[in-house]
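Chain naming follows the written order as A, B and C, and within any one chain the residues start at number 1.
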Amino acid sequence: MANEVGTEREAFGLAPTATGQRTVAARFVDRPVVWRLLSIILFALIWEIAGRVPVSFAFPTFSATAVAFAEMMVSGELPKAYLSTLQPLILGIVLSTVLGVGLGILCGLWRPGEFMAIPIFIVLQAAPVAAFIPLVTFVYGIGIAAKTLAVMLLALPVIVLNSYKAVRNVNASLLDMCRSFLGSQRQAIMKIMLPDASPVIFAGLRLGVAAGFVGVVLAELLITPTGIGDLITFHRSRADYAEMYATIASIIALSTVTLIALQWAELRFLRPEKRSAAR
Amino acid sequence: MTIFGFRIPIMASLIVWAILWEIVGRLDLVFLLPPFSEVLGAAVDLVQTPSWQTATVTTLRSFVVGMALSIIVGIPLGFLMGRVKVADDLLGMWVNVFSSAPLSALVPVLMILFGFGERTIVAAVFLFSVWIIVLDTRAGILHVSPSLVEMARSYGASRKALYGKILLWAALPEILAGVRLGLIRGVKGVVIGQLLVAIVGYGALFETFSRNFRMAQFWALTIILFAFAMVVAELIERVERKVEYYAGAR
Amino acid sequence: MMMNMAAARPLTPQPTAPDAIVEIRGISKTYGADVEALRNIDLDLPRGKLTSLLGPSGCGKTTLLKIVAGLIPPSAGTVRVAGKLVEGPGPERAFVFQDFALMPWATVLRNVGFGLELRGVGRTEREATAHRYIAEVGLVGFEQKYPHELSGGMRQRVGLARALSVDAEVLLLDEPFSAVDEQNRRKFQEDLIRLRTTQNKTFIFVTHSIEEAVYLSDRIVLLSPRPGRISGIVEPNIDRSGNPDDIRRDQRYLDAVEEIWQGLRKYVE
């Protein structure tokens, strides 16, 4: 993010030096990587201090957590848990993507579908559907099917709504242009609508993945714990707080890394600099 | 999100779904779905029971306190990040990470830090809602037209005047949008918190109903909760619309 | 020879001039219950000439153009192009959009060839045609660029090349240079004059700029607003065969501009 007019610094006259005369320090400080690293170090430091000054007896230090994480990776405890957790997550997301994008596009193009389906998904997205997750077990038991459904319950609405929005908000001028050059309805959908809608649809997928992570964590904490949820509750019951925190931190880290990777893919392949960013 | 303001189609469609629900319930097609009319009846009965009323008070209390905290902390933090680049560089990453992370995973941490009571729920509401408030406030501040700031400075505005008379108002549409999204997340936070803690408020009620297969009451509670979330969001959106008239010309 | 307002053509339908490629009869357009955009337009547009539709905002000139293009249905009246009734877009007409309407995810080459792509023309032939018209509008070297890498003026050239590629008889241009800066606009206008010597097409041009209309047109149709009606027709009759820079100092140009302005100024006062 370049220095902007309107920040405190600019407003109070501390403008940067003229280009070409940036000091080495200034140029160094401008690189976002530096700030990210500093940020992480700062976070780790605060955590470490908070752990030593006992905020609570149940608050391990950053270093203790890091050690616990390393141990659990080496012993295979963590990887094995992930293997179990990732199954319903990936399955649920794949199903949500296929169903969600299809349904969203359909609703965008077909009024009756829009009328019936979209309000339901709006309610599902805004409302705390977590309340339904225990209910899922009555129908699907406590196995992978239930957890996959929990993932879908959270991921599907956001994917559908984004795909729908993307198709509804296609650039009208481009559609006019296509019609003026005698494009058929099918050509308009394939050559204009879908390419124009892809960035928003992809952004929806990204949000869907984030929601999927929430779904699988909830499923494992609310339905019978397996995988990561099991590790969390197990270590909590044994007061191994460092291990518990390490597990939690790992799933948050995994979620974050996955989302960043998706964002990178979005920028690289869909080139949103050419169009307004999706929300 | 203008879809939310799209009143008529939503109402009409939900009525159709309610009718379908009634039919499915009558025909006893799905074990979990009693007729819609029965659910409505259960809702009417439910709101008169003391257990529901206590649960609602508990839930609302946690919700309001948690939201108040996230607004009091979130908006100033958003201001800070929008105005001071260093703060933005340091904190930006974390705010973004937490706003899209599976925060439910952190609730067990809250439980061991704050115990099994209301404080955990308040903390959960805060945790779920604060990040989006920070992000949207920050976005609002960043979008304030630089000319507006220069204008204020050129007429000799003090720091306090700049913040209170210009920045707050110019960023208000985005701030309100952030609060609205924060409210929705806060409702999720209170429900998830209570589901995981399972001995307070609505979470306990949900647990009881589902365990004893009292489906009509389960759905009644669900509808009440969902309706609350939608109504609150709609109210904020009304306020947003009142403010939006100047959003285009900022 | 120019005509002043008093001697402008009457509004009753004329016997069809032998060289009218577009015949507009009784066109009206009303939006909703009470927004009358156009009322009873009768007009003939001559083949091979550049005719401008000129007027202040709200006079319905873009609406009329889009009706001729077949993009908007009229509320009443008919349009014939080359004798055929207009019921939608057609291969004999090509439209150039005010906001360029370029696909941001496609290269210049693909954008120019898009009209042909929609008709099912094969790739090699399509690209060959596209290359030809890219050269015609002066964009050689930019074939693999994306719209966001081009300036506004260049993007409009892409739009123009696309319209030329489909080899339509009538080119409809909707304020094509209004989103382009002044210097580029002048260059464009010069290029358009030059283009007309090589492309034997009919141009229908919508603009709100009096100078642009007089600079470019063989005939100017003046429209008055609310509701849109023809208030006059002017033929500047300027000799454009010489240096384009001389046109703006030609006495006939200056007189025509002044005359039109005097006629239109009442709509902004």
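In the analysis below, a residue touches a chain if its C-beta (ideal position, glycine included) is under 8 Å from a C-beta of that chain, and two chains touch if they have at least 3 such contacts.
Since this is a predicted model, take the numbers as computed values, not measurements.
Undergrad: Using the mean of all protein Cα atoms as the middle point, what chain has its own Cα mean nearest that point?
TA: That would be A.
Undergrad: Looking across all chain pairs, point out the one with the most C-beta pairs in contact.
TA: Max contact pairs: A-B.
Undergrad: Which one of the chains is farthest from chain C, going by Cα centres?
TA: Most distant chain from chain C: B.
Undergrad: Quick check: how many Å separate the C-alpha centres of chain A and chain B?
TA: 18
Undergrad: Let me have the rounded angstrom distance from the C-alpha centre of chain B over to the C-alpha centre of chain C, please.
TA: Their C-alpha centroids are separated by 52 Å.
Undergrad: Indicate the whole-number Å distance between the mean C-alpha point of chain A and the mean C-alpha point of chain C.
TA: 48
Undergrad: Which residue numbers or ranges of chain B touch two or more of the other chains?
TA: Not one residue in chain B touches at least two other chains.
Undergrad: In their complex, what parts of chain A are in touch with chain C?
TA: That would be residues 171, 173-174, 176-184, 187, 191-192, 195-196, 271, 273-275 of chain A.
Undergrad: Hey, which residues of chain A end up touching chain B in the complex?
TA: Those in contact with chain B are residues 1, 3-9, 11, 32, 35-36, 38-40, 42-43, 55-56, 58-59, 114-116, 118-120, 122-123, 126-128, 130-135, 138-139, 161, 165, 207, 210, 213-214, 216-218, 221-222, 228, 232-233, 236, 241, 244-245, 248, 251-252, 255-256, 259.
Undergrad: Looking at the complex, which residues from chain C come into contact with chain A?
TA: Where chain C meets chain A, its residues are 69-71, 89-91, 93-95, 97, 99, 101, 103-105, 114-115, 117-119, 146-148, 162, 166.
Undergrad: Under the stated contact criterion, what part of chain B meets chain A in this complex?
TA: 3-4, 9-10, 12-14, 16-17, 31-32, 83-85, 88-94, 97, 100-109, 112-113, 142, 144, 146, 149-150, 153, 184, 187-188, 190-192, 195-196, 202, 206-207, 210, 218, 222, 225-226, 229-230, 233
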